[in-house]
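Next, two complexes with subunit A in common: one pairs it with subunit B, the other with subunit C.
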Partner chain A sequence: MSSLAATVQDIFDEPGCAKNGSKSEAERRNGCTRQLQPGSAAGGCAFDGAKVALQPFTDVAHLVHGPIACEGNSWDNRGAASSGSDLWRTAFTTDLSETDIVFGGEKRLCKAIKEIIDKCDPPAIFVYQTCIPAMIGDDINAVCKAASRRFSKPVIPINSPGFAGSKNLGNKLAGEALLDYVIGTREPDYTTPYDINLIGEYNLSGELWQVKPVLDELGVRILCCISGDGKYREVASSHRARAAMLVCSKSMINVARKMEQRYGIPFFEGSFYGIQDSSESLRQIARLLVERGAPADLLGRTEAVIAREEARAWAAIQPYKPRLEGKRALLMTGGVKSWSVVSALQEAGLELVGTSVKKSTMEDKERIKELMGQDAHMIDDMTAREMYKMLKDAEADIMLSGGKSQFVALKAAVPWVDINQERCHAYMGYAGIVKLVEEIDNSLSSPMWEQLRRPAPWEALAKAREQMQSMAAIAGDPVLAETARRARNICVCNRVDLGTIEDAISVHGLRSVAAVREHTNAAGGCCQGRIEDMLMSEPSDMRQAAE
Partner chain B sequence: MALVTAPTKACVVNPLKMSQPIGGAYAFMGLRGAMPLLHGSQGCTSFGLTLFVRHFKEAIPLQTTAMSEVATVLGGYENLEQAILNISKRAKPKIIGICSTGVTETNGDDVEAYLKLIRSAYPQLTKLPLVYVSTPDFKGAFQDGWEKAVARMVEVLVDRPSANGLRDPSKVNVLPGCHLTPGDLDELRALLEDFGLYPSFLPDLAGSLDGHIPDEFTSTTIGGIDVDEIASMGRAGWTIAIGAQMQRAAEVMQTKTGVPFRVFERLCGLHPNDDFMMFLSEISGRPIPSKYRRQRSQLADAMLDAHFHIGGRKVAIGAEPDLLFDLSGMLHDMGAQVTVAVTTTQSEVIERIRTKEVLIGDLEDLEGFAKEKHCDLLITHSHGRQAAGRLKVPFYRVGFPIFDRLGAGHQVSVGYRGTRNVIFQIANLVIAHRDENDRPTPDRWRTTPGLPQHVGHRRSTGAPERSIA
Partner chain C sequence: MPQSAEHVLDHVELFRGPEYQQMLAKKKIFENPRDPAEVERIKEWTKTAEYREKNFAREALAVNPAKACQPLGAVFASVGFERTLPFVHGSQGCVAYYRSHLSRHFKEPSSCVSSSMTEDAAVFGGLNNMTDGLANSYKMYKPKMIAVSTTCMAEVIGDDLNAFIKTSKEKGSVPADFDVPFAHTPAFVGSHVTGYDNALKGILEHFWDGKAGTAPKLERKPNGAINIIGGFDGYTVGNLREIKRILELMGIQHTVLADNSEVFDTPTDGEFRMYDGGTTLKDAANAIHAKATISMQQWCTEKTLSFAAEHGQDVLSFNYPVGLSATDDFIVALSRISGKEIPEQLARERGRLVDAIADSSAHVHGKKFAIYGDPDLCYGLAAFLLELGAEPTHVLSTNGNKAWQEKMQALLASSPFGQGCQVYPGRDLWHMRSLLFTEPVDFLIGNTYGKYLERDTATPLIRIGFPIFDRHHHHRSPIWGYQGGLNVLVKILDKIFDEIDNKTNILGKTDYSFDIIR
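Presenting the complex of A and B:
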């Protein structure tokens, strides 16, 4: 078995990744993870990534070998759903103490594995390595190997300590562990020409089940989903699938590609977010299966189902369209969703004012351009402060993002809908996109926003009083009055100040907005109302004071 | 006297405990304009951050030195240096609170020395307080991290009194334990002010994590106690420490400034609040305001109404030592039996908990014993939800984290009014649970063999008989 460093190196050299392919040899050696910035980093570690990727395997005991922080601070924090066992939601950790660190934690790990087998007897145990045992040299590969033999049960080492890198790297290291120890170790009870694998789908909020009925109807069997609602037996025998769909491309491309290499399972990258993407994915599944020998009538049946489901979804979205037409959305998410959700939102009539491409590949960016036009506002890296300003200045009507930027939007009193893993609604497939549109409409049409944006009555009063006071101060001082007059813009577009317009009105005796426009640079567009007010009223106190 | 037992198993199942560094970071979140910084790998911060966000539903300032494998081998000086420079440039904090983690404790980073080096290299940081506290993950628990961090804040940030420095008897320092919520702090603030006292809370989570909408966007804490106010705490007449965990910080305060202190181990319940009121009356020289006389009477009445439902209950509680001590004391006073008590870490108070045995353990222990001993009320943080579902008993959420209910930051349990609320909430859970799951059936009390029998472990003196709800 290769060392962790070698595995990481191998992962970075991913021919299936377009972004990686476009790099020079030297760049590739540096890996694809961004150098982490101390003091301004966000996001999980490699252990987090590995755990996130594998934890949805429902009947496996997930044992974290490390101090309490790694599991104690993080367990039961994902909304994946299970149709069977709840074991995945039970947290197991060796809770390493100081003594373990001095004397080594391997013995404790071994005892912990035995305790789990005695108590729960799961079909397999996944043992996650963390930073501290990696530092002190606990060899979890050896412990797992010995334990597997002793208890005649698969005990799988997931070698992805937190400091190895980012969450994304952890996803891939978890995939490597599956490839090395699990996939291909069993045979399925039976196979059909319609067996597929879904790779990188985590069944958050049960969203897989929004798609599964359609697949069931077509007779397509999910032999294994890695890892949403997955079972150990299924992933162990997943090498017999006829085709595979890579759902979240960033996280497990290595698994899809290596399974193609080793077992000849062709795969495509797809998404079930949005109507067109869902249809496209179904077509691809059918096409790959037929190419691998499934009866050709699958293609026709698929088209029929797509036509029916699309019509149904469009009809369900239609009533929302007039309500959402022209509303501007800011989309802050990563990777595939940066484009797959775009088309979905456009279908509902929303206008996208920006989408983040921080985690997107070149290919992702191309697709965004295709969807949003050449001058799509692609946001590479936006600080929370910039995001807040953008929302506060009302440059978007709604933000869709993950939980991390939730409060940026909410504190700016701007509607927000969660589209990342913490969300409590499922948005996949035809049913999901309708649900998403419904949620967006719910949020946008809430009468709450209007109430919240209005300042407290005493604040409005205080502001008025303050203004009066400063006016009084100005009125007594000609110099101050003059600067104040020059400082206040009436026409914001062309930057024409109050003083200039007032002077023009009084010197030339102007009576209409058109006349003001002739004599000054004022545009008279959005400032028309303000100029009309000025024409109606007496010259301001400030002008009198300035004279 | 309770017997304290330590764990013997190798595998912790469903942890009750959380780690020290995030307890320390939590304390720094009660300081205005603060940025807590965990010196460790980025996961250490990310997990903590998610946990706080889920609990408070607020943006949480928490940064990381993002230690990589290589940095861990070579030592974390550069990462710490970069992190401090980056934070001071981007977030412009008034203070940075640094907590170590298991990674940087294991590789032996000497953070105090690093900070001296950083200070001498960057004169622009002269005025920025950097408070460091050592909080390895592999020792202690959340509460210990908080305890250490607050003691360090007093050590570093409180000024020694000057020679002619005058005491202000109306000024009172309050050192709240981590089991108090922002809502609790607000309740206490109002209470002290009603006695004409001017309290300074260290830390003051009520300003930062009470869920308000700030006028401006800031990436540091949006409120809390000011560093200058902390510096002046030595001029107070008294220090009030709440929870045994705060004894240490109060002692440090006394040694440094001479301010006398009193520890209130409990503030939930009738008698503990009587003591507290009398103390406040004594140090302020004012009689108990009539408002609190009424509140006391209301609490007494609430106890009368609720004892039918809480009395006799067999309670299983899992919480950090001070919270466990406080709540189990209150429930004991209401006539409940604290049948199972599980806590996270050693503390002087746990032997005095009114139960037979206190286990330093996990939620598996809590669930197992609760089942074995037929407990009919479960009290712990949100992670107890799975156990509660399996046990099919009413479940009262306390402590940290509470991520599956809203308003965790405003749950008040201190004072007469807070105690009254807790009693009502628990009694209502019991009533609701009985209504939904425990209606009497014709066969409930039938003992004749051969006839259908109600299988279960309800006491023969079934609760419905005593219902007056």
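Presenting the complex of A and C:
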């Protein structure tokens, strides 16, 4: 058994990760977690990452070894739907107190494991390490090993204490635990040539169930889903799958790659978000299965199902088109979703003004360009303030994002649709994208936004009065008027005002948007039209003079 | 023994015991029982469109009407004046009803007397009852004013209140200068909201127009004050206090007329207050000088407002303003009339309501609602729902009239969310029952009586209205003002989330969505 540090190092050196592959040797050694900056806002810890990755295994008792903080604040906080046991929702923790920290918590942990078995007798117990017991030296690996033997029950140590690193690292450490202790420990009752694994799919709001009927129709069996609506038995025997689909590469790429290495299960990275993506994923599944020996007619059957489902989905989106036509959407998500929903939104008539690429790979970015054109406004890491400004300046009519940015949108009084984990609706698969469009339509048509944006009626009055006064002042003073005209922002993204661009045009005699981009900070993306207008209207004698 | 002295069961538990269940089952046999299948068939039939058509063709019969009679409103208005005893001229049984009705809603004693007319009085007129009644109540309850209204009995025989009170005073029932305003409030005309209007107008008329000829009429000397009238309102305690707070924040000189927010919420400190708070008689008289009179409920104050207008005041009425726009309109009107600035604190309260709406409106969006209640309340709630993107679908007011219907329809037509809504004036809760069966909605807003509709039609009930007998203390929190809007939003949201939980709480079956985060 390797130490935690060694495991972490191993995870960082992930050959399957494109980003990692493009790094230099030295960079690779540094690992891929960005160092946290003390004092700046931070996301969840490695423990949280491990917990959210494995928690959707529904029949497992998830026991958190640590003081109340870790489990007390976090239990049952993800809507990963279960078709059976609800044991996963139950919070088990050793709730360590001062004495335990002085004398060690191992005995208490062992007792807790026994009590869970006496009370619930689950097929397995996952024991999560947290910072405090890790610091005082509780050896959960040893306790789990002893407990497994003593109770003849799989007791799996998930060694991912919070201080180990980021949430994402925790996802992967959880994957390592599965690889080390669970996968391949049992045999399935039977196998078929159509068995697949889904890796990194969490069945949030029951999304997986929206896709499953299509797979069922094709005869494709989900041998195991890691971990949405998963069962211990399934993951233990998942090594017999014929192929795998990696749904969220960010969280579980190590699991997919190592399963390929150890058990020869080929995988592809895919997504069920968006219509074309769903189809592409189904094709890939069929292709991999056929390559592994499934009857070749699967390919044809898959195409037939795809054609039918696509037609149905496009038809369902059509009615929204007149309502959504020309509305501008800002997509603040990341990863595959940064492009996989784009075409469906475009089909529904929406114009995408930007998409965040914070968690996206190079490949993701290529796809974005393909879909949204070369000038796609790709936002790398937008601060809440910038986001607020963009929304406030009415660059977008609606924002699609996770819960974290929700309040930014709401404070800017811009419609917003939740497309991340805490969402109430399932957006996966063909049915899901239609649901997403419907939600966007709902949000856009809510009468509340108008109310929100409207200032209090008495403010509007005061403002109008003020404006009248300042307009009168400007009208009376040509200098003031000129300053006001030149202060207007042309490039909203990089905040370049009209004056700056005008000067650049006349000084350098610029004639194209590209030239303006070269000479100023202007991005030329969403502001392309405005710059073109300026180039057109620039008095020609001025240009000539400059030349 | 089903009951034991150590552990006495109440009716909820006791009759579930096997002894009682058996007894009730046996009892049925002797009660000419119907074939259960036939009972079931009829029950199902009442849910059909065919039944609905017959139901709506009903002309002579009201089933579960959602209104009360004029004197209830008169009593409600009268207790809002300083040490005022409501005196209902007529049969005493009616008065017992008003008292229990108000007590059950406000969980407070309700003081009110009647002239206890009997058969003799009905034949020979109620003058003696009036004379004796005024004398007795004056002696026993030591009021500062007795406000007289009438039940149907007195109205049918045509008792003349003005003359009776004059005669009683001559006979020495009460001192000649004692204030006895009066209003004719027959139950066979209008409803409790009309009674409120009549009683309030009667009281103002008494003070402003020379106390029934016994004093000179007051001459109006306009000042900057504003009169506020709440109207008949189950939330009068919370609402009037909120309105007063807003007026004080804005620094507006004001008189709340018929301010019953204290008498329906007296503290428990060892002292029984038969009278508490209320508009002082002096203020009631001086209210004539006010710059304007604002009514929070148009259909509660039609006569009172025109009376104030006749005396030269600006008058303005709202329709139970709930939510953002309605409160905006109210606050702006206050500012406009008084010339006072809107303070930062109110702007912040507004911002908080806006914030709450933004946080939660997705859950209300597109939900269909049925509303019933007093005309103004229906209007105010429907307007707020439209604002939230909810879809009012049936709006029913037993005491709503044609003018109300038109105003309601105009409101609904102004929003895309009101397009699918029908307005039903003069209809009752049995009509509502048919509506809920044939055109189901997601939620029903109404008073306590709505719980039968909730049970029969499985439409979750949000309790807003009067009376609320089976939930306590909600009348103490405002539903007007920005804070009040927030309260209404929370009431609605609580029920929406409860419903999601109810739909997902079957263990191992629907609990995949039984989430802690909504």
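Quick note on the criterion: the second predicted complex is superposed on the first by the 461 of 547 C-alpha atoms of A that agree within 3 Å, B and C clash if a C-alpha of one lies under 4 Å from a C-alpha of the other, contacts with A are read in each partner's own complex, and residues count from 1 in each chain.
As a working rule, a contact is a pair of C-beta atoms (placed from the backbone, for glycine too) under 8 Å apart; a residue touches a chain by one contact, two chains touch by 3 or more.
None of the values given here were measured: they were computed from a predicted structure.
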According to the stated criteria, A:G293 is in contact with first (subunit B), second (subunit C), both, or neither; which is it?
neither
Does subunit B (first) or subunit C (second) touch A:S445, or do both, or does neither?
second
Using the superposition on chain A described above, determine whether A:D76 touches subunit B (first), subunit C (second), both, or neither.
both
Just to be sure I read the superposition right, which of the two partners does A:G84 touch: subunit B = first, subunit C = second, or both, or neither?
second
With both complexes superposed on chain A, which partner does A:A456 reach: first (subunit B), second (subunit C), both or neither?
second
For A:G326, decide between first (touching subunit B), second (touching subunit C), both and neither.
neither
After the superposition on A, what does A:E98 contact: first (subunit B), second (subunit C), both or neither?
first
Quick check for you: in the superposed arrangement, does A:G206 touch first (subunit B), second (subunit C), both or neither?
second
Taking the superposition on A as described, I'd like to know which of subunit B and subunit C A:G137 touches: first, second, both or neither.
neither
Identify which of subunit B and subunit C touches the larger number of residues of subunit A.
B
Once the two structures are superposed, pull the subunit A residues common to the subunit B and subunit C interfaces.
76-77, 86, 411, 413, 452
State the interface residues of subunit B toward subunit A in the complex, per the touch definition above.
9-15, 17-19, 21-22, 37, 40-48, 50-51, 53-54, 57-59, 63-69, 71-72, 79-80, 82-87, 90, 101-103, 106-107, 136-139, 141, 213-214, 217, 219, 383, 386, 403
Would you tell me which residues of subunit A are touching subunit C in their complex?
76-77, 79, 81-86, 205-206, 410-411, 413, 422, 424, 442-443, 445-448, 451-452, 456-459
Applying the document's contact rule, which stretches of subunit C touch subunit A when the two form their complex?
324-325, 328-329, 331-332, 335, 342, 347, 350, 354-355, 357-359, 361-362, 365-366, 386-389, 415-417, 507-508, 511-518
If we count contacts the way the header does, which residues on subunit A are in touch with subunit B in the complex?
36-48, 63, 66-77, 86, 89-98, 100-101, 108-109, 111-116, 119, 131-132, 134-136, 161-166, 383-385, 388-389, 392, 403-404, 406-408, 411-413, 452
